[in-house]
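Common to both upcoming complexes is chain A, partnered first by chain B, then by chain C.
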Partner chain A sequence: MISLPHFPEHLQKLGPHTGKPLDRVDGLAKVTGKALYAAEHHRPGLLYGVVVSSSVARARIRSFDTADALAEAGVVQVFTHQNRPKLASRSKKWRDQDTPKGSPFRPLEDDRVLFSGQPLALVVATSFEAARHAAALVRIEFDEIEQPETRLLERLGQGKAPGRAKGGFTPPPGPHGHPQQALKSAFARVNADYLVSAEHHNPMEPHAATVFYEEDGSLTVYSKTQGPVGEQAFLSAVLGLKKDRVRVLAPFVGGAFGSGLRPQYHLVLAAMAALELKRSVRVVLSRQQMFTFGHRPYTWQHVALGAERDGKLVSLVHEAVAETSKFESYVENVVTWSARLYPCPNYSLNHRVVPLDVYTPLDMRAPGAVTGLFAIESAMDELAHELGMDPLQLRLVNYGEKDGLTGHPYSSKELRACYQQAAGRFGWEQRWSEPRGRREGSKLVGWGMATGVWDAMQVPASARARLHLDGRLEVASATTDIGTGTYTVMTQIAADVMGLSLESVEFKLGDTSLPEAPLQGGSFTVASVGSAIKAACDGLRDQLFKLAQKMPNSPFYARSQAEVEFRDGRLGLPGHPEAALSYAQILRQQGVSVLEEEVKVLPNLLKQRGYSLATHSAVFAEVQVDEELGTIEVTRMVTAVAAGRILNPKTSRNQLLGGMVWGISSALHEKSELDLELGRFINHNLAEYHIPVQADIRHLEVVFVEEQDEIVNPLGIKGLGEIGVIGVAAAIANAVFHATGRRVRHLPIRLDDLL
Partner chain B sequence: MDDASSSFEITINGTKRHFNVEPWVTLLDLLRERAGLTGTKKGCDHGQCGACTVLVDGQRVNSCLMLAVMQDGKEVTTIEGLAAGNELHPLQRGFIQHDAFQCGYCTPGQICSALGLIREGKADSVDSIREFMSGNLCRCGAYSNIVAAIEQARGQL
Partner chain C sequence: MKKFAFNRAETLEDAVSAGASAGVRFIAGGTNLIDLMKENVERPDRLVDITRLPLGEVKRQADGSLSLGALVSNAAVAEHPLVRGHYPLLSLALLSGASPQLRNLATVGGNLLQRTRCCYFYDLATVCNKRTPQTGCAARNGINRQHAILGHSQACIAVHPSDMCVALAALEARVRVLGRQGERTIPIADFHRLPGNEPEFDTILRAGDLITAVELPSNDWSEHSHYLKIRDRASYAFALVSVAVALQLDGEYIVEARLALGGVAHKPWRLESAELALRGQRTSNSSYQRAAETLLQGAEGFEHNRFKIELARRAIVRACAEAAKGTRR
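Entry: the complex of A and B
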C-alpha cells in the first residue's frame, strides 16, 4: 500500500491552501502532453535552423564552402560570420542579467574560434531533416589551429582575483588574525586539496527558441529561459529592436538548473535569421551542443583546519582556483561558506580564476556552494577523524550562533534542529567510530554526514492581480516555472490572501507582456515573486473593502479592515453571516467590471539590516561499497532542511529529493570530461555523461524542520531550489571513507578510486 | 527531397493517419513536427534518455530510434492517447497525486514506459520498477515519486 507522505501540522499556516501538500496546478497539462515547451509552438511555414559547431578549440576560419549545403532541396540560407546581418557591435549591448566581467560571447562575430563546439554557421531549411543534412555538408577550413590552453592544475599559480565581477558574488575578505601561526600551534590539523569536476546542466529539454516573425515585423519568441524579461532586453539590444517589438514567452520550461539564466547563442541565431528572412524560425540544440556553453567550473581547492583538543577551530584556510574562459571572468561564492558556517578567530579565504580556452562557466544549481561545501565538509570529517570525535559532535562544538564572517545574528537558524532530527531519523547514535567497521556480505557499510547552507535572498519583483465580475482572480508575473512548482505556490498564495478557492485563481507567468519578474534562480523566486503576489492581493483587498464601504447601507461602514474577513469569495464580518457579500456582488453593485492592482515589491532592507539570511540543512548518508568490485551504492539518505515556512510540502519535498539526486550525481556519477589536447568535452551525450538513473536511487527521506522568520520576507519563506543538493556529496564521500578507510578528495568518486 | 518520399499509414491513438515523408524521418520527428503531437519529447535523439518513449503495437520503444516509414500499418500510442476523454489514465492520475515530475519534460516518456512495464509484468516490485524504468532519465530527480506513482497505478489497471 502506497500512501502519500505525511506532513506535519506546523507547516499549515498562511491560510487553507498554503502549507498543504497540494497537487501541482499544471500537473494535468504535463501528464497529458498538452504543456507546450519552447520547441513545440508551431505556425505554417516555420523554418528549421541547425547550428554547425566548430571541431577545433582555437583557430581562425580561413573559408567556408556552403555550396553543397545551399544546393540541397529545402535549404533557404546558410549564415556565417561572412554574410550574417548586422548585430550589435558594442560589447555592452551583449550583456545580460547574469554576465560576469569581460566581453560576452557573440555567435558569428568574426573569424576567430574561441572554444570547441563554437557555433560557426546556421543552416536554415524548410524541414529539420533538410537542415540537419545540409549542416553536415558545410565545409570549414581553418588557419592557425593552435593547442588550446586547458590545464587548470598546471596553472594554479597563475590564478587572478576576479574582483566584484558578477551579481551575487561577494569577494572573500582579507585574512583575519594569524591563520598560519594558529595552524602550526593547533592540537590537530587537516591540510588537503580537493577537486570538483566540470559538470553540464543537461536539462532534459534541449535549449530551443521558436521565433515567430509577425506581420508587422515584430518577433514573438518562445524560449527556454529562466528569465523572459532579461531575454527581451538582451534581444532588443543585440538586434537593435525596440523592446515592444520583441515578446518573449516561456510558459513551460523543461528543466534548466541555471542553464537558462543567460541567453544562449541559439536564441540570437534564431532571432537573427527570422528578422533577415522575414520568416518564422526554430533552432533547437542537439544534446551534443548542450555541452558547448556554460558549465559548473572545474575547481581546485585547498583547505587547512587547525583545532584544539576539544575540536574548537582555531584556524581555517580555504582557497579555490577555478577555470573561466578567455573572454569572461566567471566567479561564484566557493570559499566564504566555511568561515560563515564555522566562526573561527583566524581565517584566510581566497578565490582565484584561471582563463582557459573553454566557454565561460555558468551558474549551475547551488553554484559555488556545491563546490565549497564538498571541501569544507570533507575536511571537517577528516578533522573529526584526527581528533577521534564524532563528526556531528565536531559540528556542534563549532556551531555558529552568528555568521562567522559578518558577526551578524541570523534572522533564523534552525540548523541545530536539522542535525538532531536528521540524525534521529537516520539512527546516527548507532554509528560505530572505526572505518571498515561493518560489513554486509561482500559489502562494506559506511555512514557519513555533512552540513548545507545557502543564502535566503529576495530581489525586486512585480505582480498584478485582477478580480473579475464573475469572481475569478487572475494573478500574473513574468517569472517562470522550471519545474519548481511556481505555478502552484503562487496560486496558493493568491487564493489564501484573497480567500478564494484554488479553482477560481489563475496564475499566469512566462510572458514579457506581464509585470516584470527577476531571473528564476538562486532559490529566490517565491520570496521575491511570492511577496509581490501577496502585496498585489493585499492591495486588491484594500480596494474591495473600500468599495464595500461605499455601498448603500453598507454593513462595513464605520468598520476597519481588521474587523472583516475575506473568505470563500465573500467579504464578511465574523459573527454576522447575514452581512457577507460576495466579491462579485460588490463589484456589480458599484459598477466595476474589474478590480486591478499592480505592485513592485523590494526587499525590506531596513528590516533585514544587521541580519544574516540563510537556509540550512543536515545530510546523513549510508553507502555500501563492494570490496571486490569497488561499486558504491547510496542505500539511504536523510536530509533535514530549515527553510522557513513551507508553502507546499509536496512540491517542496520533491524539489529536495531532486536536490539529493543531484548530490548523489555529483558524488558518484557526473563529470564533463575535457580532452586536454582538443579542448573538447568528449563525453557529450547522455550515455557517457552519467547521471543517476532510476536504479541508482534508493531510500531518500526529507525532514522539514520548523523555522519561523519574520525578518527574511513578508512570507517567511527562504527557498529550496539549491539547499537540497548542498553538502550531499561531502556526506557521501565521508560515508565512503567510513566504509572503506579510503579518503577520496575529488568528485565524482568512481569505483576505480576504491580498488 | 520530395522524390524520395514514401507513402504509408500509421494508426496513432486509434486514428488511422496517412503520411508522405522521406524515409529518413524518425517516428519522433514525425510525431512532433508533422503529426502535431508534441507530447512525445526529444531529449537526446540517440536512444539514451527515454523522453521519446511511445508504444508501438503495445511495446514501449524509443521513437527517436525508429524510422517513421517502418511503422506502416502499426498502431502507435502516445501520451495524448492515454486518457479516455476527460478520464485520466491511472498512471496519469498517479503521476499527479505522487508529484512524480517537476519540469514535466520526461513525463510523457516515463508514463508510456511505465505502461509498457506494467504490460510486461515487470512492475511487481519496487526493485523491478527501478531496474526496468532505468531507461527513462529524469534530470529533476523525481525517481522516488515515479516509483510510488507506478506502484499505485499498477493495482488500478
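Entry: the complex of A and C
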C-alpha cells in the first residue's frame, strides 16, 4: 500500500495552478492509446529493420553468410560493415551531448567485435516478421575469438583516473589535511569496501526509431530519446546531412532513466538504411537487445571514516573504482558527495576506472549518487554503531551548514527539516538501539535511515510563447516528457504567468522544429525549460501591456506594468473591474493576429556564484527479515524531500514514489548478471532481471519540506528526477543490519546474504 | 521466429496422428512455447492447436479421484471448489506461480511440459546441451543461482520451473496420456526425467503423445498440507526452493507424509525414504530436520547456488511445521 497523498498548504504558488496536485494534461491521451510512441508512427511502405547481435564479446568477423536471409520473401537488404553506406569517419562526428572521453561506438564500423551483443548486421524487410525471421538466418563466422576481460575486482589496482571529464563530472580534488594520520588517531573508525552491481535502465518502452524518408530526401525521425535536439545534431554529423534535413520528434517517451541521453545504435542503423534505400525504416530493439548498450557501472568502493567520541568526523576517505568500456572512459560523481555532505578537516577522495570488454556504462537515474550514497551512508551507519550513537544524531553532529568541498553556503538547504519531519512521520524516536532487538513471529524487525543529495542544476534552454487571437496560448520548447509530467507542469507555469486557464494553454515539446532545449536529465528540466517558459510568458506580458497602452483611451495609458494584473485571460487594474480588457480584445483592436515571444534563458551565474546548489532528502525504512529463510520485506518507508518550489505535488509525489520503488529495487532486486566467461549480461529479460512487483511494495510515504530559494533560479525550483532514489538502498541496508546484526556491503542484498 | 504452419485439431485422434510427425508441436495456452519460439529456441514447422479438444473438464471419477482435463486453465484449477476443498496444496502451489494473466491462459498439460528457465537455454549465443545436444553446458561455470543442486548431470544443471508439478508430486498424481498405441497412465514421479546424458528430453513422452488429464488420487491430504515457495521477490519469480508437504497426523504423531521439492532439480524432487523418516515421528523440528537431511542427501551446488542446500533444509522444516499447524485456507 502506498499512503494516500496529503499535500501541504505551504507549497508556494505562482498563481492558481502551480502548487496544486493537478492531473496530467496528457493523461487521457496516454490511457486511451492516443499518445503515440516512437515505434507507433506509421506510413504506407514502411520497412522494418531487425538488428543481428553478436554472440561473442571479443573477436574479428571473418565472414557473413546472408544468402538465406536475402532469399526470404520480403527481405530488402542486409547491411553489414562490408556493404554499409558511408558514415562519418572521424570520431569527433560521433560525439553526442553526453559523451565521455574516448571514441564513441559506431555500429557496423569494421570487423572488430568489442562487446557481446554488438550489432553486426541490420536486416531490412517489408514486414517485422520477415525481418526477424531473416535475422536468425544470417550466419556470421568469427576469427580470433578471445576471452573477454570482465573481472573488475581482479583489476582494481589497474584503475586509471578518468582524465578529461564528461559533462557534469567534477573530478574529486586532491587530499585535504592528513586523512590517514587522522584516521589512526581517531576515537572510532570504520574501514569497509562496498559493491554496487551493474544495472540496466529497462524502461517499459524499448528503444525504437521510426525514420520517414521524405520526398525531398530529408528525414523525419520519431525517436525514443531524452534529447531530440542532440539527436538531430548527432544524426546530421554522422550521416553528413545538413541539420535542416533531419527533424527529430519525441512527443511521448515511455520512460528512459538516462538510457535515452545518448543516441543508440538502432537510431543510426534506421537512419542509415532509410537514406540508402530511400524508404522509410523502423528499428525496434528487443528486450534482450536493451541489455546491449549502456548500464549503471559495476563499482567497487572503499570508505574509511574516523570520528571523535562525540561523532564529529576527523577523517573521511572515499575511493571508487568503476568499470568502463575499452573505447570510452565513462565516469560519474561517486565520491564527492561524501565530503560535500559531511565537512571534515581531513579527507581523501579518489575515482578510477577500469576498461573492460563491455559496452560503455551510461548515466542511469541519479548516476554516481545512487552508488556513492550507498557506501557513505552505510559507512555512517557503521560508524554510529561503533560509537553507540543514534544514526540520525551522527548525521546531525556532522551536519554541513556549508558545502564541505567548496566551503560555499547553500542557496537553501532544508535537510535538517527533512530529517526531522521524516523521522517524525516514521516514529524514529521509538527506535531501539540494539540490532536484533525486535521480533514479530519468525521475523526480525529493523529500522534504518540515510541521506540523499543531488545537484540542483539549471542549463541554457529556449522557449516560445504565442498568444492567438482566440485567446489560446501556445507554448513550445524542444524538451521531452519522459513520463515525469513535463507537459503538465510547463502548462501550469505558462497558465499562471499569463493568467489563463489550463485549458487555454497548449504546451508542445519533443520536436526539433521548436526552440532548442537541453537533454532531459540531471533533474534540471523544470528549472531550465520552466525558467525559459516563464521568461517567454513574461515577454508576452510586456508586449500585451504595451499594446494595451497604445489603444485609444487606454485605461492603462498612464500606468506602470507593476500596477496591472494578468488574470482570467484579461488585463486589468485592481479596483477597476470596468477597465479590464481580454487579451483577444487587445490583439484584435491593435490588428495583431498573434503575439509571439521567443527567449533563451541562461542560468544567472552571477547570482549563483559563491553558492552550492543542491536538493536533499532523508529516507527512513523498516524491514522485516525472516530469520531462518533470509527473505527481506521493506514494510515501511518515509522520504522527506527539500527541493525548492513544488509545482505539482501530484506529479512530484509520483516521481518520488517511483524513485523510492527503484531504491527498493536496487537494494534488493536489480542486478545485471555478467557471465564473466562470456562477457555477456545473461539475465537479459524481465523474468530474470528482477525489479519489484506490486507485492514487494508496501507502505510508502512522501513528505515535501518547505524550502524557499531565490538564488537557484527565478522559479525557485530544484528538480525531483533523481532525489527520490538516492539514499534508499543505504536506508534499507542499514535497516537490515538493525534487524539482523548482519552488515551487507553489496547490492542487491538477497536472502542468501542472510542465511 | 521461424515461419510455421498452423492448424487446429478437431479430434483427439487427429491431434495424436498430427503430433507424431517430426517438427510438430501442440499449442494450447502457449505461454511458454511462444516465448521460446520468439527466441528461436523452439523452431516447430507446424503448430497444432488443441484448444478445441474436449479436455476442459474437472470431474470426480468413480474411484474417488479427481480428473483435471489437460486444457483446464491453471487459474480455473486453482479456484475450483473441489480443488480448493480437497487439494488445497495444489491450489496454493498454482497460485504461487506466474501471474494472474498467465494463469488464465496456461493449461494443466502445458504446465507439465513447461521448459526450464535456465538463461543459457534461452540464449542462442551460448552453448546448451538441452537446446542443442552435445554442445556443452554454459550454466555449469556461469550464472547458476537458479540451478539444480540435486540430480544434475555433467550435461545439464537445469531445473524444472513448475510449482504445480511439485504439488502433484506430493499428491502422487497420475498423468493420462493418449498416444498412438492408445491411452496410458504415468505416475507423476516417472513423468519428468533427470537430465543424464540426454537433457534434451524433459519427460518420457514420445512423439504424438497428448496429455489428456491429470488425476489426483482420492486421498486428499487436505487437513495438513503446505506449499512454501522461496524466491527473490514476492511474486512473479521462479522458486529458488519450494516445498510441497502433506501430512496425516494422529495427535502429535505423523502417520504418513508426502514431501517434494521444487527449484532444485530437473524434476520435482521426492524420495520415499525421506517420507518414511517422518512416519511415526513426533511433529517436531528435529523430525523435519531428519527428513530434510534424507531428502537432500547428495546435494551438490555450484558457484552461485550452494546456498540452496541450506535454504532447502530450512524451508523443509518451516513447511512441515506450517503443515502440522493445519492447512491455511
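In this text, the second predicted complex is superposed on the first by the 749 of 755 C-alpha atoms of A that agree within 3 Å, B and C clash if a C-alpha of one lies under 4 Å from a C-alpha of the other, contacts with A are read in each partner's own complex, and residues count from 1 in each chain.
We adopt the following convention: a contact is a pair of C-beta atoms (placed from the backbone, for glycine too) under 8 Å apart; a residue touches a chain by one contact, two chains touch by 3 or more.
Keep in mind that what you see is a predicted model, and the values were worked out from it rather than measured.
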Quiz item: In the superposed arrangement, which partner chain does A:Asp538 touch: chain B (first), chain C (second), both, or neither?
Solution: neither
Quiz item: After superposition on the shared chain, which partner residues are touched by A:Met204: those of chain B (first), chain C (second), both, or neither?
Solution: first
Quiz item: Is A:Thr651 in contact with chain B, with chain C, with both, or with neither (first, second, both, neither)?
Solution: first
Quiz prompt | Which partner, chain B or chain C, touches more chain A residues | solution = B
Practice problem: Quick one: classify A:Ala695 as touching chain B (first), chain C (second), both or neither. | Solution: both
Quiz item: Which holds for A:Leu629: it touches chain B only (first), chain C only (second), both, or neither?
Solution: second
Practice problem: Using the touch definition from the top, say if A:Arg750 reaches chain B (first), chain C (second), both or neither. | Solution: second
Quiz item: Does the superposition put A:Ala687 against chain B (first), chain C (second), both, or neither?
Solution: both
Exercise. Check the residue A:Lys34 against both partner chains and state whether it touches chain B (first), chain C (second), both, or neither.
Key: first
Exercise. Kindly classify A:Glu129 by the partners it touches after superposition: chain B alone (first), chain C alone (second), both, or neither?
Key: both
Exercise. Determine where on chain A the residues touched by chain B overlap those touched by chain C, and list them.
Key: 129, 685, 687, 692-695
Practice problem: Could you pull out which chain A residues touch chain B in their complex? | Solution: 2, 4, 23-24, 26-37, 39-40, 42, 72-74, 127-130, 202-206, 252-257, 284, 286-287, 482-485, 650-651, 653-655, 657-662, 685-687, 691-695, 697, 700
Quiz prompt | chain B - residues contacting chain A, complex | solution = 1-2, 22, 24-25, 29, 32-33, 36-46, 48-49, 51, 78-80, 82-83, 88, 92, 95-99, 101-108, 111, 129-131, 133-148, 151-152
Self-check item: Interfacial residue positions of chain C with respect to chain A in the complex
Solution: 1-3, 39-40, 117, 119-120, 122-126, 138, 141-143, 145-146, 230, 232-238, 240, 307, 310-311, 314-315, 317-318
Self-check item: Contacting residues of chain A [partner chain C, same complex]
Solution: 53-56, 116, 129, 132-133, 136, 288, 442, 628-631, 633, 668-669, 673, 675, 677-678, 680, 682-685, 687-688, 690, 692-696, 750-752, 755
